[in-house]
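What follows is a set of notes on a single structure, which appears directly below.
A, B and C are the chain letters, set down in written order, and residue numbers restart from 1 in every chain.
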Amino acid sequence: MQNTSLQFKKQVTIKLADVRLQDALSRLQSRFVGGRAAVISEIHDLEETRIAAAAIRDHALNNLDYWLQHFEQQATARGAIVHWAETGDDVNRIVTEIAALHNVKTAAKSKSMVSEECGLNDALEEAGVAVMETDLGEYILQLAHEAPSHIVAPVVHKNKEEIADLFAEKHHTPRKTDIAELCREAREILRPAFLNADMGISGANFLIAETGSALIVTNEGNGRLVTTLPRVHVAITGIEKVVPTLEDVTTLLRLLPRSATGQSITNYVSVLTGTKKPEDHDGPEHFHIILLDNGRSSLIGGDMQEMLRCIRCGACMNHCPVYQNIGGHAYGWVYPGPMGSILTPVLGGIENSPDLPNASTLCGACAVVCPVKIPLPDLLRKLREKQMQLGMKSRQETFMLKAWAWLALHPRLYAKATAIGVRMLKLIGGNKKLIHTLPGAGGWTDGRDFPAPAGKTFRELYQQGKHK
Amino acid sequence: MRVGLFVTCLVDAVRPRIGFATIKLLEAAGCEVTVPAQQTCCGQPGYNAGDRKSAVALARKFLNEFEAFDYVVVPSGSCAGMIRVHYPDVLRDDPALLARITALGQRTYELTDFLTHIAMPENIPGKFKGTLTYHDSCSGLRELNIYNQPRVLLANMADVKISEMVESTTCCGFGGTFSVKYGELSTRMADNKCRHITDTHASAIVGGDLGCLLNIEGRLRRNGDHTTRVLHIAEALSGLDEEAP
Amino acid sequence: MNAREKILARIRNTQNPAAVATAQTIASHLAKHPRGPLPPQPNNLLACFKERALKLSSDILETNNINDVPALVAKYLNERKLPIRGVCWPALATLRWNDAGLEIQSHPALPLHNPLPQAGEEANELLRKFNDNDLVGITGAFCAIAETGTLMMLSGADTPATTSLLPETHIAAIDPKRIVATMEDAWDLLRSENKQPPRAVNFISGPSRTADIEQTVTLGAHGPYRVLLILVPINE
């Protein structure tokens, strides 16, 4: 998927004015934020569990080379074929080759954010493979030719009226607005796609090194269908998703659905190991697992490694007051919200996303809910430091920051400058004591007044009081 | 006990009354308050913008000016958080300084945290009468666990009723330079906050960080609300909310 | 270097040597597979399982006699005016479904282990003729998990995964003795009874659902619309 995060500021203006989007986002907030709050307390000792989860992820990442090889060995022993891909294009090439090898004409796909990184669907279509997205949200987006705006609820930006119009137009059926009826219609259209698909494509929430298994969580059941019915199954995931044991993954599973959708557990958790046996009546004969790097390995051992702990629950975006107001598309790539504001620049080039690390108040709501304790605000701040080192900040901003710091290191000049400054601002504020416009501070005064200073600094007044 | 007051650059420049209110509260609680005259800014604007070098210099300056006190009190969760939580990161490359700043950080408190846990005044001199609503500023809440402290103190004032707003812990959109660089977004976040404040019908919105309060007041006034009072917790608790300057 | 070697080399070049675990630590982690923090052990596994399963929109019936299951199933389906045609796992095929007025076929067909077609793509094509017209799927379960009200299903020749997936109604018979407290207990049970996980371990917690449209929960997305759990002692 092309990275358009350079357009961030322009997109913010558009998204803030989009009434339907704003309505949709308010629903996300109440359902997901409230949903998480309702079930996260079921965990006996949440903090202890988060610490354990972070430790599991850290151990896996600190020994990533070992666990990836152990995984490969176990998966291969059970009949899966493990592929390694450096880039999204490599994934596309590998999947296309697998399709050609097994004479695949149609593929049914469950939700995979990693495949969105690669732009897999376009590559397969070009190679003559018809791809059907089967997650309801992703299916809707495929019909509408749109990108997901949330990693868990991809179609959160659309309301049912828009979906009703879309289904009526594309399915040539009478328009329905009842949500259950819309779901039924999609089910009936997609069922033959599952039954007839030559290849199933899925992501993997985790890879389990101990058993060589791919673990997939779904609610709709499409993840089970695409990994059970077609004769070929391709699972695509990032190299960082490996964890050592079944017990380790179980600890993470206590947190993932609760953090994501406010569920104690997803309807289905599938642990898939190897291919079908000759006597089995279902399951794929060919199981390919593709491990994508796409920049992830560059984080290992560095000051951003903690980002690789991420288990893609989406809690950070659900709780982010910026995401809550602009939605996911404004961020310009696959991953939105706080985790995306870090992943997009670190995977796609820091120079291509100048706004993302800065478009946060560092309020910390994301870090509080992160199930694996990623210090998201600290990582955003580190990216800002890197921007500064790379000279990416505007000359005006750098000058202002340096000037302020210089002044703050020279208390006597600081005292004089602030004393003059507050007198001027008081004058501008006038009788109402409000400043309506201020040169250079339009970002503030376009939407807000600035309450005028009292006219003398605290330190002036304090000194006067002492000498009275 | 000897308390050094770090008044913060915003309070110093924009609303000095908060500094005097803080002194009044600390003295009423029996503290001996000193205001080091050379103090300026904690360096958070630069630190959060990626200018680590400036933050290092200002952290050292702070250390030299405040290390001698038993306690340092700050009428801002954001600046207190900078000192307690972030200065150790700022000075991480110098083990000697790191040890000193960590120790000083442990003695540095946000005002309401200090009053409830250390100074424990017997009575609160505030005179505020009526209903107020409290906004929980992000740094104080999430870096210093300040939530109950201001509420406990306000509950000591006989004529105060707290009407909690929806999402009192959601960011108001200030975020320092964010409020200017992403003004439109910041304004929308402030707008949401103002809506929740107005819904409580409280006569005052009270908070612990002047930055957030300026943001909230700025949006309230621009929206035509000239009656809801916007007060720092020190003003409300000290009774200095009525008087100039 | 191929992609595999390049990726592994990059990891090794930059990983923090101080954080790399010793071979001994790793071997011990695999051998002991330690558990993370666990919920408190429930006083009553059955009660806990029922409470959680009901919360996740499963239906529950109980009986002491496995021979009562067909009548319970018939009553459940009739009350909901649901079709009475379906498939069951071979182990349940000897129950008297016809007597209860149900049309339940064994899948795969009895007798078990009938001669398989010759191996190869053609044989797989034959096996792969999934019957999408079965509206009821009746299964057992490997075990059940009290913590979340979850069934644990192991795929196999006589326990096909599709039986709990394709039909609109999934009915599972579970022996209350096979309820364990946590997923960790379920893994240990698996390790003690089978050596390694089968092709698919499916944990099922209620009917399939989606909340993709306006975050409104709708049951029966792509899998079953309803799940009936019948708690009944089963003699192996």
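Basically, contacts are C-beta pairs under 8 Å (C-beta built on N, C-alpha and C of every residue); 3 or more make two chains touch, one makes a residue touch a chain.
None of these values were measured; they are calculated from a predicted model.
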Q. Which chain, with its centre taken as the mean C-alpha position, is closest to the global C-alpha centre?
A. A
Q | Between A-B and A-C, the pair joined by more C-beta contacts | A | A-C
Q.
Using mean CA coordinates as chain centres, what's the gap between chain B and chain C in Å?
A. 54
Q | Euclidean distance of C-alpha centroids - chain A vs chain C, Å | A | 30
Q) Measuring from the mean C-alpha position of chain A to the mean C-alpha position of chain B, what distance in angstrom results? A) 32
Q | Contacting residues of chain A [partner chain B, same complex] | A | 9, 12-13, 16, 321-322, 325-326, 358-365, 367-368, 378, 381, 383-389, 393, 397, 401-402, 404-405, 407-409, 411, 414, 418, 421-422, 434, 441-444, 446-451, 453-463
Q.
Give the list of chain C residues in touch with chain A in this complex.
A. 2-4, 6-8, 10-12, 14-16, 19-21, 26, 29-30, 33-40, 52, 55-56, 107-108, 113, 116, 119, 124, 127-128, 130, 132, 147-148, 150, 155-157, 160-162, 165, 182-184, 187, 196-216, 218, 220-224
Q | In the complex, chain B residues that touch chain A | A | 7, 9, 11-20, 35, 37-41, 43, 45-52, 54, 57-58, 61, 89, 138-139, 141-143, 169-171, 173-192, 214-215, 217-219, 221-222, 230, 244-245
(Q) Give the list of chain A residues in touch with chain C in this complex. (A) 24, 27-28, 31-32, 42-45, 48-49, 52-53, 56, 58-59, 62-66, 68-70, 78, 84-86, 90, 134-137, 140, 153-156, 159-160, 163, 179-180, 182-184, 187, 190-191, 194-195, 210-211, 213, 219-222, 224-225, 227-229, 231, 239, 244-248, 250-251, 253-254, 261, 264-283, 285, 291, 293, 297-298, 300-302
